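One structure is given here, and the rest of the page talks about it.
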Amino acid sequence: MSALWEILLAASFWAAAIRIASPLIFATMGELICERAGVLNLGIEGIMVMGAFTGWFAVYLGLPLWLGVAVAFGSGMAFGLLHGILTVPFGLSQHVVGLGITLLATATASFTYRLALPEVTSPPRIEPFQPWPIPGLSQIPFFGEALFSQTPLTYAAFVTAALVAWVLMRTPLGLAIRATGENPAAAAAQGLSVTGLRLGAVVVGSGLMAVGGAFLTLSAFSSFFFDMVNGRGWICIALVVFGAWRPGKAVLGALLFAAFDALQVRLQQTPLGAVLPYQLFLALPYLLSILALVLMSRRAEVPQALMSPYNKGER
Amino acid sequence: MSPTEVLRLDRISKRFGALLANDDLSLALRAGEVVALLGENGAGKTTLMNVLFGQYVADGGTITAFGQPLPPGNPRAALAAGIGMVHQHFTLADHLTVLENILLGTRSLWSPSLDLGAARVRVVQLADQFGLAVDPGARVGSLSVGERQRVEILKALYRDARILILDEPTAVLTPQEADALFATLRKMVADGLSIIFISHKLHEVMAIADRCLVLRHGKMVGDVATAATSPDALAAMMVGGEVHRPKVAAGVAGPALMRLEAVTTPDREGAPGLKAASLSLHAGQITGIAGVSGNGQAALSDILSGLAAPASGRLMLGEAPAPARWTPAGALSAGVGRIPEDRHKTGTIADFTLTENAVLETHARAPFSRKGWMDWRAAADHASAIIAKYDVRCPGPEARIRLLSGGNMQKLILGRVLEAAPGVILANQPVRGLDIGAIAYVHGQLLAARDRGAAVLLISEDLDEVMQLSDVIHVMSEGRLTPPLPRGAATMAELGLWMAGEGFDHAA
Amino acid sequence: MRLEPIANPSALRRFGLPALALIATVIAASLLALIAGANPFATLGLILEGAAGSRFALLETLNRATPLIFTGLAVAVAFRAKLWNIGAEAQLYAGAIVTVVFGVTSWGVAWLQLPVVAAIAVAAGALVLLGPVILKTRFGVDEVVTTLLLNFVMLLFVSYLVEGPMKDPAGMGWPKSVPVAKDLRLPRLIEGLRLHWGFGLALIAAVLVWLIETRTVLGYRMRAVGQNPQAARFAGIPVNRVLVQTALISGGLAALAGFSEVAGLKGHLSRDLSPGFGYTGIIVAMLALLNPLGVILSALFVAGVFVGADSMSRAAGVPTYIADILLALSLLFMVLAISLTHRRVVWR
């Protein structure tokens, strides 16, 4: 028990939790935008892989880090556009297209990586984002280290979440997106383009998913591995449900989840880790996500038009 | 174009596959005028208005609003031109607030703020001016049907609509609510707005419209001033000849085959459940349920279908109580035939063939299956028999049912139900959306089943239909049922009062 | 743009569009080869040759197709009832695990042990899918995410087993399980050919699934529930029970892939037993338009692309991942083509 307290009271633990939450926040916001517009985007896992690869590759080729982030965002938008075209105007099954996009994006990233670097055995490294302590705030005891000594991309994750929340809940654009996900006929009757709004939401949302992936290579690890996304995309889908489709709650969910993830890593170093197999600790995040889904499934207000395509003039 | 003319539709045609829904239609609307667009179901009224509002693109013809041509297929342009539409099926988002629904699409998408405060002031002011009381902060999902309609009208007014189209606005209202709506409309007309009022109810049209346009089979067959015509003349124009409502002979009541004894069910999704509802369905009688939709009819239908069991009270089959685990399969084996309200979503499976749909309820029994194996030949024979006997027009039993018209789909359902020789028949809105021929056919079959000794429960929002067919009427309001009223015991006005919920307190 | 339904699509539409999807995939393959600096025609030729150019290649393709038929069937059955089972990977490993557990020691009666172990494997796979389905029917939890997440949990469990309790002491440190007994090795389908009985079992399974779907009450109900659960429920079909029955069949089929890989090919359990057969099963099922007999053909096609790309890669230097790209593309092209056979695009 005292070991647990020791972990929880360390600023480094909370710093790690926030670091782990950052890519999830980007991708969860991306998925949330898509779902609020009525489109389930199961391409998320593959688009994160794509973003992790393109962001890293751009920097590897010599571009500055922030341009790497932009390249990742662009690659996510490209796959989002493909997803959007197939699911929105063509109204194809969002399940099948999403899984197809995940397979396609993952394969494309692997193909390009092997093509560009046929010989390498150990993945090449780049110089990732460095921690960027916020002057003044980072000096505060405990909180300074936990919150304000992160890399710029982490700060960007929280700024992005705030921006998404503001746009969705406080602006005409956000209202239009939400209406499209609730009742597309209502949006169309008010002269809004359901196709345009949904396409836009999927494209931008997918861009954010890719930035979430790029966080892994540009801020967390500095190299690209094939399996590095490792189900994070699926976890983000669970986080959207857990957050009841609200940006603020989803961020809280991501932080909570990340805290458990950070905890399991540290618990492996404790006497508990000597007794229990490490795989059990690694499985915790996935089991936790399932539990979150069960707990929240009945309470949340699902966007009413989620997964139902809209075809103008159908009768 | 005369100086006061605000809208002109010129030679509009619209085709859906083989159906010519609008055939060379023209109409003009003047400022401050209420024009009624009359016609039977399927005459092309709604199609014409959807063309006007840009939701369908016409195959031919032009639209001019306030002297400017209106681009086709563009609701945004119609809204900008000052045209507002209140659809029959409301276009509201339930999870959003009234204010959010009204504001939707009124501001540039790139504007940084919704400015809810100013919008709320304006909505409240409009609501006061036109008598449309509704709480701007309430979520639409929690509103009554009448309130939702007010939100729809406010949406149009908020956008400064000068022309308002109302598609069957009273179908969901009690007679008294409809009167309140008419008062609002009169205020709007006094304010200089023009109104197109779509309906098939003649007495309403006579009460509110200045001019009546009559559609039949997609063609304009009449354009008369209301003052210069009569309900009979309009009805004749609508159906193309003299109307005759066949006098229905009374049924001979037998024993009660099914009884609800003070049955209560929980409310769900904004729709009321049953509130201590009692009802006896007798052999050889049609029992009609009159009432505005959304007053517990769904709950009553669910009980009869086996989709829900009473939370309290008893459901009796003959003299024995229904099994505690009351399911659709149980209802079927207890001899309840069910014609559901929505034939597309509940009654049939669109991509299944007629054969597969014909055995939907009976597939688990011989001769259609044995020991878990389907006998498709027997099923196809059964479907063919229904097709022949009930005059289902279709390419054949192996055609997908989605290709059929509503009337033929309903005939297949009717055949599926009646061929099982049910003792009790639930007919929930059995003729909604059907053409006149199909309506007469369905009514005839229900009467024939009654005369063979079936107990029929007819749920309909069309008071005329209920009064014409029923041997006994119950009025439904907010989940409550009146005591049985024998044929001819109540006038339409009295039923209307019950429908508005009057008089229940001392009755219940 | 919008879509208008076509009542009776012409034969040209029904066959032309899927053919077009296939052609588009081939064009994409050529472009990828060009990007990789190889001759597109040579690359395609090498893939074809590697997949079916020799007896060895053909047998390799058939062997690779075997687990894909099982997972393809598992997905096809589930998707037919609109049960989104994306967890065939986990169910496959469940089948593999119990195959090793009950197959390490010989019972001395091979003719009995093989079918019994296969049955246990089926039960294990069914059990793995039962969880998410009960969460779906009881709590309304979306099964897509739960089945996906369980894949990761299962892989960690396998990793624990092969590094811990089931580790092969003679494995020279490699994380793999102890081998199954000789009795539990599936015999060759035809004497002298390197093709085991798993393939035969897969063909039988496909025919059985086809019979269930087209001829039985359960199959009819599965389709009804998938097309319109509301109408199915109204008609007295026990929707939740049908979903559970579907899940048992689907999970069991996926588990047979694991059984067949262990008993027919590998002889032991390891973390790389399945290179994503569960996920590829989705492609197999969709390319077959969920038709169980079509699954056989599409599994052969998909296996051919993988095997062919492997051998092409060695010769032409185009990364093997070209196969994954092509299959994902063919999936997307095919769903689009099928959707457009019933609907036409109308501009304005």
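Observations
To keep things simple, chains are lettered A, B and C as they appear, and every chain counts its residues starting from 1.
Please note the rule applied: a contact is a pair of C-beta atoms (placed from the backbone, for glycine too) under 8 Å apart; a residue touches a chain by one contact, two chains touch by 3 or more.
Please read all numbers here as calculations on a predicted model, not as lab measurements.
The most distant chain from subunit A is B, comparing centres defined as mean Cα coordinates. No other pair of chains shares as many C-beta contacts as A-C. Each chain gets one centre point, the mean of its Cα atoms, and the points for subunit A and subunit B are 45 Å apart. Note on chain placement: the centre of subunit A and the centre of subunit C lie 28 Å apart, centres being C-alpha means. Subunit B and subunit C have CA centres that are 47 Å apart. Counting partners per residue, subunit B has 57 as the residues that reach two or more other chains. Listed for subunit A are residues 312-313, each touching two or more other chains.
Chain contact summary for the complex, subunit A toward subunit B: residues 170-173, 175-176, 178-179, 182-183, 185-192, 301, 303-304, 312-313, 315.
Those residues of subunit A whose C-beta lies close enough to touch subunit C in the complex are 42, 82, 86, 89-93, 95-97, 99-101, 103-104, 106-108, 110-111, 114-115, 118, 195, 230-231, 234-235, 237-238, 241, 277, 279-280, 282-283, 286-287, 289-290, 293-294, 297-298, 311-314.
Every residue of subunit B that touches subunit A in the complex is listed here, in rising order: 16, 53, 55-57, 74-80, 85, 87, 91-96, 100-101, 103-114, 155. Looking at the complex, you find that subunit C touches subunit A at residues 1-3, 32, 35-36, 84, 86, 135, 139-142, 144-146, 148-153, 156-157, 159-160, 163-164, 279, 282-283, 286, 317, 319-322, 324-325, 327-329, 331-332, 335-336, 339-340.
Across the interface of their complex, subunit C is touched by residues 17, 57, 73, 305-307, 327-329, 331-332, 338, 340, 345-352, 356, 360-361, 363-364, 369, 372-374, 376, 403 of subunit B.
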